[in-house]
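Okay, so here's the structure we're looking at.
Note that the chains are named A, B, C and D in the order they appear, and that numbering of residues resets to 1 at the start of each chain.
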Amino acid sequence: MASCPCPTEHGRPAIDGYDPVARVKALEQLLVEKGYVDPLALDVIVETYAHEVGPMNGAKVVAKAWTDADYRGRLLANGTEAAAELGFGGRGGEHIVVVENTPRLHNLIVCTLCSCYPWPLLGLPPVWYKSPPYRSRAVIEPRAVLRDFGVTLPETTAIRVWDSTAETRYLVLPLRPEGSEGLSEERLASLVTREAMIGTGLALVPARAAA
Amino acid sequence: MASCPCPTEHGRPAIDGYDPVARVKALEQLLVEKGYVDPLALDVIVETYAHEVGPMNGAKVVAKAWTDADYRGRLLANGTEAAAELGFGGRGGEHIVVVENTPRLHNLIVCTLCSCYPWPLLGLPPVWYKSPPYRSRAVIEPRAVLRDFGVTLPETTAIRVWDSTAETRYLVLPLRPEGSEGLSEERLASLVTREAMIGTGLALVPARAAA
Amino acid sequence: MNGAQDLGGAMGFGPVRPEKAEPAFHARWEERALALTLAAGALGEWSIDEGRYARESLHPALYLNASYYEIWLRALEKLLRDKKLLEGKELETGRASRPAAKTRRPKLTADGARRLMAKGTPYRREPCAPARFAVGGRVRAKVMNPHGHTRLPRYARGKVGVVERIHGAHVFPDASARGQSEPVWLYTVAFPARELWGEGADPTLTVSIEAFEPYLEPLPSKG
Amino acid sequence: MNGAQDLGGAMGFGPVRPEKAEPAFHARWEERALALTLAAGALGEWSIDEGRYARESLHPALYLNASYYEIWLRALEKLLRDKKLLEGKELETGRASRPAAKTRRPKLTADGARRLMAKGTPYRREPCAPARFAVGGRVRAKVMNPHGHTRLPRYARGKVGVVERIHGAHVFPDASARGQSEPVWLYTVAFPARELWGEGADPTLTVSIEAFEPYLEPLPSKG
């Protein structure tokens, strides 16, 4: 007996025989045939989120904020406008709010009700972000959740969890890691993981990033 | 695609391939082999709840309460002792509380957390009593639940729902139906359905009982 | 625990579907699942609350897709494993691979089963202290979210109700599920639906829970 | 609605399982499910909140057993049926059996898709009235249990928090899910974990929600 019934994005069949592979194929054919959907538009959407939009966008924003105090100020004051300065914005990120980690405060983003996430900066949310274990536990035992990611914060660090229950979308500005002095924005961006911008991780220290 | 994924007591396979029929057979064999369980004891338990204990017990209690005001008083004061007068009690009914319907107050029993139920008076709970639709809705929209049973109460009737969150087990003493004057206790008992003693039904009126 | 068992107020499950002339059992495996649960429970290795906790600890995706006897059966297997009466391997193969463990109470006989069902196991105990609350008193159900077993449903937490009945001191499920014995006072506490559900609640509805004393805190006795 | 989507504080789901170097999609059907959802949504027949409601209305036993893209796909089929763009029979057979319905907006082109993703659809609106609450004010999240869509999670209901930010007036999801437009003020309200979870809560934890003004009620400004 499988002891973990967690659904995966790919694998377990649905409980009522529903076959998403077959259904999505039939549905696309039908919607195209009826003239509701243009397959070329579908391709553009897939391409965008498969290749063009992803955590590398958010990482650029973070790296710039680490090196440019004025930009950091603008970013924290109005995330949407500051992201737009770098060309990022749009669908799923119409109202961006950036929250800053400090040595005494760690921020964590969750959407307990669905899967709200800053698409233009981080791309599509990972499976774990959309799944019941994260959504249920982030608001009640975030330290235990962080342990699942291998992160242990000092007990003196306060934790602030932001439940994304509206169209405002949150991004964590992580602490700039030690040993990153003098690095270029590009190198700095390579230290900024998706998890660091959600708050389930920390920015990489340069040695580890190189390893 | 089946649109209703409600599990039934018999039918749909488990989501992880768990086969209760095979498992229970293997488990019994194993427990008997190891000397933890006597198959004759199992037979006695099954016989008891299949044939000896059921809503007919509760119906006798109700019929007696309808015809014997002293008994009714004792029943409402101490359900456990009054049930024992008629020989009913034991497992799953160690602490019985009887609550009385009046023209202005209708009582309904539920166990939102599991399946607590007055076994010695009603036998084993029906599937619907143990299932999420009833357990979730009885405490927030009992009138809608009653409609599922074909029961509509006057809007002026207050509803009292008893959530059985301890080992106290509840039984509803339903209103004695009109047209039942002068009937024998035995005839009266035949008007008392399981649903009437849970509160999801009313006692039958004699004409319908005969039909 | 805030598991899938805590269903009060949840939505989306569809209508209640009563079955006409429902039989006591729908299949032979259900009969045996019930009887095995009772007989194994009589060995004294776990309390009724440990049994409930084993059920509610099932993954919610399993719990909500299982019939009730399937839930019982899965929990029984878990208890037998956890209490080391059986090994996982024995459960998989259906064959004993080591001798039986010693149990607190002997194997239930046919006569013992008759006695068990006729007598039950009362949960009322001698109180350790006087009752803290009186009938008619206003109390608030605590806000609490333990990981262990509790019988305070989520929908009542933080809500203000009135003590209606006192049932004496009973075994405290939260402790009993940890194998501890701790009698506490048990009350019926009634809440107006407006308090529980807010705007749009049925104005004719009152809901009561059975509340163990540690679930309750006193309120200033105004209004 | 108190559906399976309202997961904050629920227990029993096991650990979070991060996937190393997780790709944007795990299978081609996921790509198409996402793209179809966005392209069909662009026809203007339903709001983002109607979409969410379609997902959270799935039977909890289905919701908790489905991957997220399966949830999206099931909801998309439901919306297409409910809005009469497709018939159930067409969905079953995969073949059109009647002409297309008229839609509020035209079919999304490739260029249109680029614009849609680059521009998004902001949810901020002109306010109809001044904000009722100020930064620093104490507010209570209402006790409410609507059957329709809401974005006030159960764990915050009845709890007292502090207004931290005001985001302007936004589309109100509860109304938007019914096809109505009603801008209301949107706040960030922060709650100490002790208020949300009670005894045993992490003393270093504060949790905020985005709270629409109709979810909030004022509190006497003591303490």
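Couple of notes before you dig in:
To be clear about the criterion, contacts are C-beta pairs under 8 Å (C-beta built on N, C-alpha and C of every residue); 3 or more make two chains touch, one makes a residue touch a chain.
Here the structure is a predicted model, which is why all the values come from computation and not from measurement.
The most distant chain from chain C is A, comparing centres defined as mean Cα coordinates.
Looking at A-C alongside A-D, one finds more C-beta pairs in contact between the chains of A-D. Our note on geometry: chain B versus chain D, Cα centroid distance of 40 Å, whole angstroms.
Between chain A and chain D, the centres computed from C-alpha atoms are 17 Å apart.
Centroid to centroid, with C-alpha atoms defining each point, chain C and chain D lie 34 Å apart. For chain C, the set of residues that touch two or more other chains comprises 9-11, 13-14, 56, 59-62, 64-65, 145, 196-197, 201. Among the residues of chain B, those touching two or more other chains are numbered 1, 4-7, 15-16, 18, 132, 140. Remark: chain C residues 5-11, 13-19, 22, 24-27, 29-36, 38-40, 43, 48, 52, 55-56, 61-62, 64-70, 73-74, 76-77, 80, 85-86, 90-91, 94-96, 99-100, 103, 107-110, 112-114, 116-124, 151-153, 155, 165, 167, 170-171, 173, 186, 188, 190, 193, 196-197, 201-202, 204-212 touch chain B in the complex.
Those residues of chain D that touch chain B in the shared complex are 59-62, 65, 92, 145. The residues of chain A lying in touch with chain C in their complex are 1, 4-7, 15, 132, 140.
Against chain D, the residues of chain C that register as touching in their complex are 1-4, 9-14, 56-61, 63-65, 142-147, 154, 157-159, 195-201. Against chain C, in their complex, chain B makes its touches with residues 4-10, 12, 14-16, 18, 20-21, 23-31, 33-38, 40-46, 48-51, 53-54, 89-95, 97, 112-115, 120, 123-124, 126-128, 130-143, 145, 148-149, 155-168, 195, 200.
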